[in-house]
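Dropping the structures in below, format is structure tokens.
You will see subunit A twice below: alongside subunit B first, and alongside subunit C after that.
Right, the complex of A and B next:
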């Protein structure tokens, strides 16, 4: 009898320790990255590191502005492409598609989410790059290799499709049937109900989904690296090459220990990513869990 | 009046188009990979290690990367299970009742899930530097374990929540301790645990950014935890950046192999999830 209770007590402590340890990973990662990027923050400052465009590691000059802009361009393009498509798809799945069609559509969205990033990258190189180089870019600019922020944006957009579709669908499913019925009974048709009732009611959830998708796009590394051109200048058009932060980290790990302060600079890039993504994630998760709780009560 | 109708039809067509694009992109990707990969596919790809270096060599296959990936993804999933099963039980059974605490923990794991693999990779690299070991199989497993813990915890958590409250309560009312109650619950969610394993393994085998710094790369099959190990996604990435055309072709074939592995895993987990939710209702 005593032994059973003792076992329960010991295991509960063990589980508590494991839980605390894995949650505190958030803190430990932050501190670890900060400690490692401290040398470069001390040498320059947050302000100069983030706003300077000069990237000359050999002379000890590290300006992250082109990389931040590269990340913003790629992410912006991805969201502009993905949001309308995913919103419409989620609306179609939740409001229009009947049982059978729904059962076909949803698994494909899930299958898409299982495809590894590197495969998206290979697809980008094989399909999107030639498409841009031969068919899209010639209409707008004289010459483009295809390796551009547009290519990165398109590949990223496809990568965040499943995330946005599944979260928006979940949010749309939480909207009470009575609200829709009330609108329909007043003579509104289905689209008017969607426009004036459902979308308005689902807005916080949609915002949360977008914030989450932005943070996913920020951190995506290999697929973007393969199609983006990786040129450390601020892009000025969608056909310019860009160099997002994660690609910078991934591309230079080989040299980082041979040049002074270089490892510190790359860890600073990881720290930047970590902080931005952490904030975005906390915001969207708090919105979503509040929605869930509202539904439960 | 007419306008309203036209507007609805217009947007309905738009929705169908969007759904076709979103779901069609899956076929486009898989189709492209198959079309490019099949001509370069051969039995040698699966059964031999590369001859003459992975970057320029035209001989042999990528057995080293397949085995390396299985080691890394398998090791990380097993290690992750040892951590995440207790955590999921703790959240659901031990802190039952304190809703704010368990909800906060769930948000924390969701946030951890959102941290990109490149950050886990960089952090894994810091751990390695701190403890003074080189890029190796062990380093890769550690970094990938960090990556899959949130996936495992959140999946297991979802599954445990589908177990009827009464079942656990019945065990407790008969005088069982919470650990004994947990064992009852665990027996109930066996297929769910399998789903979590598949999801974690699928994510682990496809990820590059976390193993880039930590696992290294090698043309040989690793024989100990301290040797560097090749991984399949990294092999694809390296082969594709090679200037030699044949090697690029082998990259396409490797991409095909990885795609097939991941598709099998995803389909299996889909079927399991469906079976499990049928069980529930």
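Right, the complex of A and C next:
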């Protein structure tokens, strides 16, 4: 009897400790990154590092603005492309597809998420780059190599597609048939029901899915690095090359570390990425909870 | 029954998968009366009700044969337009399912879909239907609040008002009071009785007392077949069929 109670107590404490350990990892990583990037922050300042566009490590000039913008462009394009496609796909799977088709579609979409990023990168280089270079860009700009934030965005969109589709499908599946029946029985057709009832009810879930996907997209490295040109300038159109933060770190870490402060600069890039993702998550949490409160009131 | 039937069901058979849910149903639902469908759970009474506004169509693996005539129009005719049929019938389900929007928008939802845009017309409709269901005084100061904030009994009345707002001819109730407290139940029951002046009402219920209180006619369904159909007092107090007698006395449930 005593032993049972003891076991219960020990286990619950153990779980608490393990949970705290994994949560504190976040803090430890943050502090670690800050300490390693401290030399460059001391030499320059937060303001100049974040707003300067000059990236000349040999002369000791480290401006991260192009990288921040590169990250935002690529992720933004990815979500703009992926979101409508994902919503329509998830709606088709949950609302329109019948038995057999549904059983095939869901595992098929999930299979996409199992493909390693490097393969998406190769696909981007072999297929998306020529497509942009020869067929899309000539309609809009004089010259583009194809290696651009658009290419990065497209590849990234394909990569986050299965994630959004599977979460949104789950959310849509939780909407009771009776609620749909209520709308249908008032004479609404299927699309009206989807637009005005189903999507509205699913909105918080859809936002949560997007938040998760964007957080992933911010950090995606290899596939994006292979297609987006890696040029340290601020992109001004979707056909310009960009240089997202993760690509900067992956391309240079371990090399050229003889340059003074370079090591610290890369750590600062990591810290920036960390902060962007953190801020994004906090802001979207706030928006989500506001929205949920608004829907309930 | 002397008056013309509002819904006329002829040789209706419903299969779902391998199950034969409804077996050769032939009934006439009278106009401007309350008709209750009673029977043990799983006998097919809800299926029968949902066959009236074609909500059965959404069930996977369903096969429907036979005719359901509403105002003389066969709703299972391949040429029949389903939203127009559904608009004729207000549905009140087992639990209230308010749409995820405000009280006002819940009621304006149907009229807006059917093309009413003018604010004054909508305002008037909303007020009218809320008054018809006795909700007006309870909610008139918070029409823009979310419908999910209402109590469950209020929500069910809101759902009824929402159904009435599209100006139906028939009200279908699927055990509409089963989730409600006794007070809300009696409010809904009284509403049914007063609404039959303007609407034909078909209710599914497993509560015999309720069937007796509110309905003019009773259909007893057992094992997917209509066993007996007639005026309430006759079916409940003086059933012709042995099965009905047993059910009414509580021997089978």
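Note that in this section the second predicted complex is superposed on the first by the 252 of 297 C-alpha atoms of A that agree within 3 Å, B and C clash if a C-alpha of one lies under 4 Å from a C-alpha of the other, contacts with A are read in each partner's own complex, and residues count from 1 in each chain.
The definition used in the following text is that contacts are C-beta pairs under 8 Å (C-beta built on N, C-alpha and C of every residue); 3 or more make two chains touch, one makes a residue touch a chain.
On a predicted model such as this, the values are computed, not experimentally measured, just so you know.
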*Does the superposition put A:200 against subunit B (first), subunit C (second), both, or neither?*
second
*After superposition on the shared chain, which partner residues are touched by A:176: those of subunit B (first), subunit C (second), both, or neither?*
second
*Kindly classify A:165 by the partners it touches after superposition: subunit B alone (first), subunit C alone (second), both, or neither?*
first
*Pick one for A:127: touches subunit B only (first), subunit C only (second), both, or neither.*
first
_Dominant contact partner of subunit A by residue count, subunit C or subunit B_ = B
*asked:* Quick check for you: in the superposed arrangement, does A:27 touch first (subunit B), second (subunit C), both or neither?
replied: neither
*Touching partner for A:285 - first (subunit B), second (subunit C), both, neither*: first
*Look at A:189 in the shared chain and tell me whether it touches subunit B only, subunit C only, both, or neither; answer first, second, both or neither.*
both
*Can you list the residues of subunit A that meet both subunit B and subunit C?*
189, 192
_Interface residues, subunit A side, partner subunit B - complex_ = 4-5, 7-8, 11-12, 14-16, 18-19, 22-23, 25-26, 29, 32-33, 36, 84-89, 91-93, 96-97, 105, 107-112, 114-123, 125-127, 158, 161, 165, 189-192, 194, 212, 215-216, 218-222, 226, 246, 249-250, 253, 266-267, 270, 273-274, 277-278, 280-282, 285-286, 289, 293
*asked:* Quick check: in the complex, which residue numbers of subunit B touch subunit A?
replied: 4-5, 7-8, 11-12, 14-19, 21-23, 25-26, 28-30, 32-33, 36, 83-84, 86-87, 89-91, 94, 103, 105-112, 114-123, 125-127, 146, 149, 153, 177-180, 202, 205-209, 212-213, 233, 236-237, 240, 251-252, 255, 258-259, 262-263, 265-267, 270
*How about subunit C: which of its residues touch subunit A in the complex?*
53, 55, 58, 60-61, 83-84, 86-87, 89-91, 93-95, 97, 99-101, 109-110, 113-114, 145-146, 148-149, 159, 162-163, 166, 172
*Which residues of subunit A touch subunit C in the complex?*
98-99, 176-189, 192, 196-197, 200-201, 295-297
